[in-house]
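Following this line, the structures themselves.
Across the two complexes that follow, chain A remains constant while its partner is chain B and subsequently chain C.
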Partner chain A sequence: MASKSTVEVFTRKGVDEKVAKLLVENGYTYTKVARANEKTLRKIEKILGERKLKRVLNAIKTKERAPKKKAQKPLKKPKITKKEIPTKIEPLRPIETKMMTMLEKSGRTLPRAVLRDLATRLERVKMPDKLLRQVLDLACERFEGHVIDPNESVGIIAAQSIGEPGTQMTMRTFHYAGVAEMNVTLGLPRLIEIVDARRVPSTPIMEIHLEEDVRNDLDKVREIASDIERTTVIDIADVETDISNMEVMVRLDKRKMERKGLSPIEVHKKLSKAKGLKGLADLRDENVVVRCDEPSYKKLLRLSEDTKSTPIKGIEGIHRAVIRKVGGSYIIYTEGSNLEKVLEQKHVDKSRTTTNSIMEIHEVLGIEAARNSIINEASKTLEEQGLTVDIRHIMLVSDLMTNDGDVKAIGRHGISGRKSSVLARAAFEITSAHLLRAGMTGETDSLEGVVENIIVGQPVTVGTGAVNLVWSPAKKGGQEK
Partner chain B sequence: MTEEFNVLEHELVPEHHILPKKEVAKVLKELNLGKDQLPKIRLSDPCIRALDAIGGPVEEGMIIKIVRRSDTSGMSVCYRLVVRG
Partner chain C sequence: MRYTRFERARIVGARALQISMGAPILVDVPDDLIDPIEISIMEYNEDVIPMTVKREG
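And now, the complex of A and B:
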């Protein structure tokens, strides 16, 4: 008797059920047929007949090929000649190393910051080792007293600590923050933006630091800024449409051109290569003319629009660059952001240039930089509003957002919406949809989180609820009764 | 341009090191964690690409040791598991 599953393998590939049964009854499985050589094929032919065999083979052949896998992007390999991982942590001072070894001997640890504080206080004091050990022991004791307890619900504390000052934020605070006449989103809208992990912030801004040899030279800085700022034809010329001659006249403004360091020849070159204008531009005494090759007003109008928006210079996405003096040297602030391209520019201090677009940082500098950026941006936003939130709460949020390798939002599409527990998700948003779906797919809930346990009325698994008491009875003859 | 910018030199990027195979078990035991309970880092992450170019091939399943400069504790060490993607 043909086993059902072996027949099914054939039928799934599109082989007639009767034929499949016949094959299986004669002892041929799918793999046998698919990999059959001449001899076995002839045997099968005897059973099935020529026509049926052909059909079977065709069915197997056409569907055997696995669906094409999406071509994976090849991993980039940056060219780095210096084979060294840069270190960023300051080395220990001699007194600190001494303290470290002492701590290690007693099996305790202190964080670097505490160690450094202690060391700076003790550096000038001569102290015998025995006394130093006592100092360290006391410091350890104090420190351990301040460490957060195991099973403390830090997430809830963090949520409340950020949420409460958040209620005091003004709802819409668009304001001109320090940076010369530049519009920056601040306050609650900005905080929401960070936590939602938006792809593009509503006001992307870059802070471009410059290399040491140019950062104090205003002329040079202006030049760099103009190389970064996106310049289109309309910024440096008047564009007129000449209907009688069917051409677009680009009257270049000499002063504006000079300020941007451009020549008519360069503009002509760019225009004749631009999209939709290929080979139509001509240089006519200091001006550029774009001829219309068809006797059509519609085309002429389109040419005029295309000409106006043709980029001449600068980096895509950066609309404006503003130079500002901060602490003796010039920094370029830009409206719009394109970290990848700016880092390729000359004279840019690559290690200090940043953007406020967290997604861009994630793409260019990696997940750890994104984590730092979330912390910086969030605490800066809160600080600007005069609110003090301990940075550790923000660090926890940031850690959670970057936990699985890319930046996830908090909320419906991010962390809260992807919890493993059905009840927790249902308690958050769209209750009925989550419960219905869970019912249909037969999900189980292991009741590990806080929300689930509150719903079912059990002690929650944080704090004292997370530990159990176990009594181990004393052995016979022991002290206990 | 011959030399590309090494992202590991950027201010926002902490130190990344490949954790030697010998130390993996020790670290996991110390943390009392399984490998897949660690935070993740993608194979396509720019820092991983840079590490790959500097310190030999980085593969899926390796552990990256990250030494962060922290405002609160001076220095903190954390680990990330390299995953595909």
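And now, the complex of A and C:
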């Protein structure tokens, strides 16, 4: 008799294993012993002896149970396959190295991105070195002209540069794009959503790109889309409640089933495993029937509701998948978003598939991806409204939101509300409460920010105020500084 | 060393204050030029102001 679990019930209560085995072999389970009357107890006593019986009974009386021992699997050694880490930086082109050495000689620097841009323009142009040097000189000059001065109050400029076009945005824009007619939040509401770092956007949307070998095959793309789109029973069948027979009839729609690539057997399998319907589903002819196991109309009604909403196929959270042809190949757009699960799907191009839910990107891909996604989403929304905001302003906002490893909102619950300086927080909102609290807890303020210094009447730490002068009398006119 | 526009403003301003309070002028100035700020700017252009900035970080 395989009674390992029966023995375990005893041992978990602190009964000696040998004794427990003996009991089980004689046909006593834990409940039998625990609820034993005088007669059975005497029988057990015969088997075990008085002392052991007492110990067993004591053990059973104690309420505590040892935690269930789980058979510990030896940890698998993780298999590490050597894979090339994808880098965004392409190797230097010959012309780039040439330019680099040239710049080094003249003691100047240009960022890699600028060099790359220059290189792509100049790659096929034959030019003497002297001319190239001139080009570089000019590029350097232009570049230095655009570099922002240290101590410039970039935050204020960024706030103004985003705020002003914001006033021109339409308050409420609903946009039905293309044939798919998907509802997308755009304009000011979307921008607010991004900046507030909402957990779920009001219209989550995914853009699923596919791998090269399938992206032009419409049938295959349809198949993938139907694997992604959430299909519930009600989408493929009529659900009827049969009161006289106390059962829920699921009349499967053949056409719809075919389109989704489902068979009645699969539906039956899913239904019989579904929550609240375990083992109640039966396959009858081409249809599925869910029997009600209790003579209760309430239960029957609940079964019917549960049946209707049972997911058969697809990924949780994705309500609709739409296929659109963009630039020669098919892309799946979805209403609803679940990046983690979608990336696990076959044939999904993991490097290009995106979602507009920034939090999801943060959870699945990390903070750097979230930062990029904030930048992309914000500049996309602004661009769609025909407003051009320099990307650096948005980058600053995005950096500020993500710099401590999670995505913080701008505003009361985010950056402004969590500043370390009391005076800065007090200047932002609910002044007295902040000051009172700070007074009670004895906070210190190191007067590093702008607001704090304005409050105490000192020069602020940006711009001219941040410059420290030193007396240098040795300097004479014309001397190199 | 090249100054940023903030540093320039600060140096010129500090020097103008000194001049306004009677500090000896370090450049030759036409007689009708009496504005300390103008004088300070001239000094700055001549690079004779005995001040420099301390840059941190």
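Definition applied: the second predicted complex is superposed on the first by the 357 of 481 C-alpha atoms of A that agree within 3 Å, B and C clash if a C-alpha of one lies under 4 Å from a C-alpha of the other, contacts with A are read in each partner's own complex, and residues count from 1 in each chain.
To be clear about the criterion, a residue touches a chain if its C-beta (ideal position, glycine included) is under 8 Å from a C-beta of that chain, and two chains touch if they have at least 3 such contacts.
As the structure is a computational prediction, the values presented were derived from the model and not from experiment.
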Regarding the shared-chain residue A:467, is it in contact with chain B (first), chain C (second), both, or neither?
second
Touching A:352, do we find chain B (first), chain C (second), both, or neither?
first
Considering only touches as defined above, state whether A:151 meets chain B (first), chain C (second), both or neither.
second
So, A:337: does it touch chain B (first), chain C (second), both, or neither?
neither
After superposition on the shared chain, which partner residues are touched by A:421: those of chain B (first), chain C (second), both, or neither?
neither
Which superposed partner A:404 touches (first chain B, second chain C, both, neither)
first
Determine, for the superposed model, which of the two partners chain B and chain C contacts more residues of chain A.
B
What residues on chain B touch chain A, complex-wise?
1-17, 39-55, 66-76, 80, 83, 85
Touching residues on chain A, where the partner in the complex is chain B:
73, 75-89, 111-116, 343-344, 350-352, 354, 361, 363-369, 372-373, 376, 391-392, 395, 399, 402-406
Residue set of chain C touching chain A in the complex reads 1, 4-7, 9-11, 13-14, 26, 46-48, 50-56
Going by the contact rule at the top, pick out the chain A residues touching chain C in the complex.
149-152, 463-464, 466-473, 475-479, 481
